[in-house]
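In what comes next, chain A is part of two complexes: it sits with chain B in the first one and with chain C in the second one.
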Partner chain A sequence: MATTTTGTAAAAIYSLYIINKSGGLIYYKEYGGVGGTGRMRMDTNDSLRVASLWHSMHAISQQLSPTPSCSGIDLLLADSFDLHCFQSLTGTKFFVVCEPGTPNMESLLKVIYELYTDYVLKNPFYEMEMPIRCELFDINLSVAVQKDRVALLGR
Partner chain B sequence: MQFFGGSDVSPSPPATTAAGHNANMMYMFNRNGVCLFYREWNRPLHTLNPQQDHKLMFGLLFSLKSLTAKMDPTSGDKGNLGMPQLPGQGCSFHCFRTNTYKLSFMESPSGIKIILVTHPKTGDLREATKYIYNLYVEYVVKNPMYAPGTPIRCDLFTTNLDQYVRSIS
Partner chain C sequence: MISVGKIKQYTNVLDKPLAKGKQEVSLSAFSFLFSELVQYSQTQVDNIAELERRLEDAGYTVGARVLELLCHREKGNRRETRLLGILSFVHSTVWKVLFGKVADSLEKGTEHEDEYMISEKELLVNRFISIPKDMGTFNCGAFVAGIVRGVLDSAGFPAVVTAHFVPVEGQQRPRTTILIKFAEEVLRREARLG
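Let's turn to the complex of A and B:
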């Protein structure tokens, strides 16, 4: 199938975080820094700190809203990356860090959420709010995050 | 860096459109976190008193900056989370969006922060914040009666700002 891999469609996803409703990091995956170099490398403590910091920033942004019923930051545009965040109804937050201007991230987050409900929540051995260690989730996630798959989400 | 290039504020402020109520409010902080200027155009919801609101806003920006500096995928050595950074150092951010508002952020080399809160559907406002910075340079910094670091009370600045903000789409 002739996929039109334009520059933007093949853009990279740097990392994925899933945090529970109290701000604890329950899943973290890195997909390499810029150009596939291992530059991103964040140690465990740092990833936990970043996750809980994001949780608080998300909550503060709701307080500062000029109009009622704000649900928190869903997109942050930084100088060298974009951060897309999706919050489920139960307060679990999913966020991806990707190359600036990467399209279809909202749909990717929805897909990841579906994978989470299918392979994590329906796993009888999974304890709620605890770190995710499910092999099937890992496998299906890595498939979903592949660049060409993400490009297809746009159609 | 265009900050010092053009003090050409007057030539062509973008044409004002009919739909002119996109801006909610604006904050301006100096590098010490003092709120120099606050103005609101459309803000139905107040959750806190003004002082606390300004503090919370500054705190949010400060923490978001340390977060983006730490997360920066382009550099290897980033130090610890929350490491003090000079303006322009490290990876910063220029905007974030929620379902109810969009916040655009600009920091000048001297640490003046301009925060513009608008409707979530507004486009890229990097030029708009720069234009506001130029208004600040023209009407506040060049005002001999203005003492740096004190709250801004310049009528010309406010009127020009109000006029400009109406054109933001």
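Let's turn to the complex of A and C:
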């Protein structure tokens, strides 16, 4: 439990995206600092592309799915990353890209959703469907992610 | 959620006890309502000073009513007539009824005789609010400042009340200070009363 978080220690989450119901990226945060994996930093265009790509894939998967009333892709497993997605009732999608096999991501997404409803939706200066620029959201988000990392280290 | 306790039915309104017990309103419901109030006010104004004034005016009417109610309910139909009395009434009684806790601190201004400050580490109305950078020093606590002004004014202590962010050392978030500047006549009367 007493391990300190250094640069190379488990940085399980690579990045977090929030996209609005029309597929626009409204929040993007990169959690870098993993030494040695040689991961490329994404530029703004790339992150926008990933967001709208995921939005479309999610929509297509809903229609292609053999099961009726499918809610879209929740989890995408790749060789080098996992992508966990959570869609709220209003169509806002939250997804994290993380190290393969990182546990607990569903609950982290729920926590992030809760922070979004608190610090973004209750903020009178936030305009719906627009990029999120709320100091309190940033602060509480980094606390939540940090907590998640510490929990991982403790395992 | 608005706490739904068992409410005893009284056939006669006069039989009802005055004290209401602990009644709490959902923080979420309040926050959404307050957020709408701010958003609506924003559509009605041209600049930030005006927005501040609008929020303050909204608070003023709350303050006037709260004073009336609390004097009746908590003080047996008496109200404070002395400066320090009314200040501690605001700081404890009013705060407790409105925000469920006593305000963090009540201080006298060091530079001016007529200034008092009520500080709160995290004002309830600001709990979920992040002020955009381009709005400068605007503070939604203006609403609370309005409440305080409403209470003081209705009690016969006219004052100018403003809300400010004050950075705290070692803290990421600034605290909110409600600055109360009493009118001259109040201080003169206070001096006369000794």
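FYI, the second predicted complex is superposed on the first by the 128 of 155 C-alpha atoms of A that agree within 3 Å, B and C clash if a C-alpha of one lies under 4 Å from a C-alpha of the other, contacts with A are read in each partner's own complex, and residues count from 1 in each chain.
Simple rule for what comes next: a contact is a pair of C-beta atoms (placed from the backbone, for glycine too) under 8 Å apart; a residue touches a chain by one contact, two chains touch by 3 or more.
Computed from a predicted structure; not experimentally measured.
In the superposition on chain A, contact of A:Val143 is made with neither chain B nor chain C. In the superposed pair of complexes, A:Ala78 makes contact with chain B only, with no contact to chain C.
Once chain A of one complex is fitted onto chain A of the other, the partner contacts of A:Cys134 are limited to chain C, with no touch recorded for chain B. Of the two partner chains, chain C is the only one touched by A:Pro124; chain B is not. Using the contact criterion defined above for the overlaid structures, shared-chain residue A:Met57 touches chain B, although it does not reach chain C. Looking at the superposed arrangement, the partner reaching more residues of chain A, out of chain B and chain C, is B. No residue of chain A touches both chain B in one complex and chain C in the other. Considering their complex, residues 14-15, 33-34, 39-42, 46, 49-50, 53-54, 56-57, 60-81, 83, 97 of chain A touch chain B.
Listing the residues of chain A that touch chain C in their complex gives 118-119, 122-125, 133-137, 139. Here chain C touches chain A in the complex through residues 28, 31-32, 34-39, 42, 128-132, 135, 140, 172-173, going by the rule given at the top. In the complex of the two chains, the chain B residues touching chain A come out as 24-25, 40, 42-45, 47-48, 53, 56-57, 59-60, 63-64, 66-68, 70-76, 81, 91-101, 103, 117.
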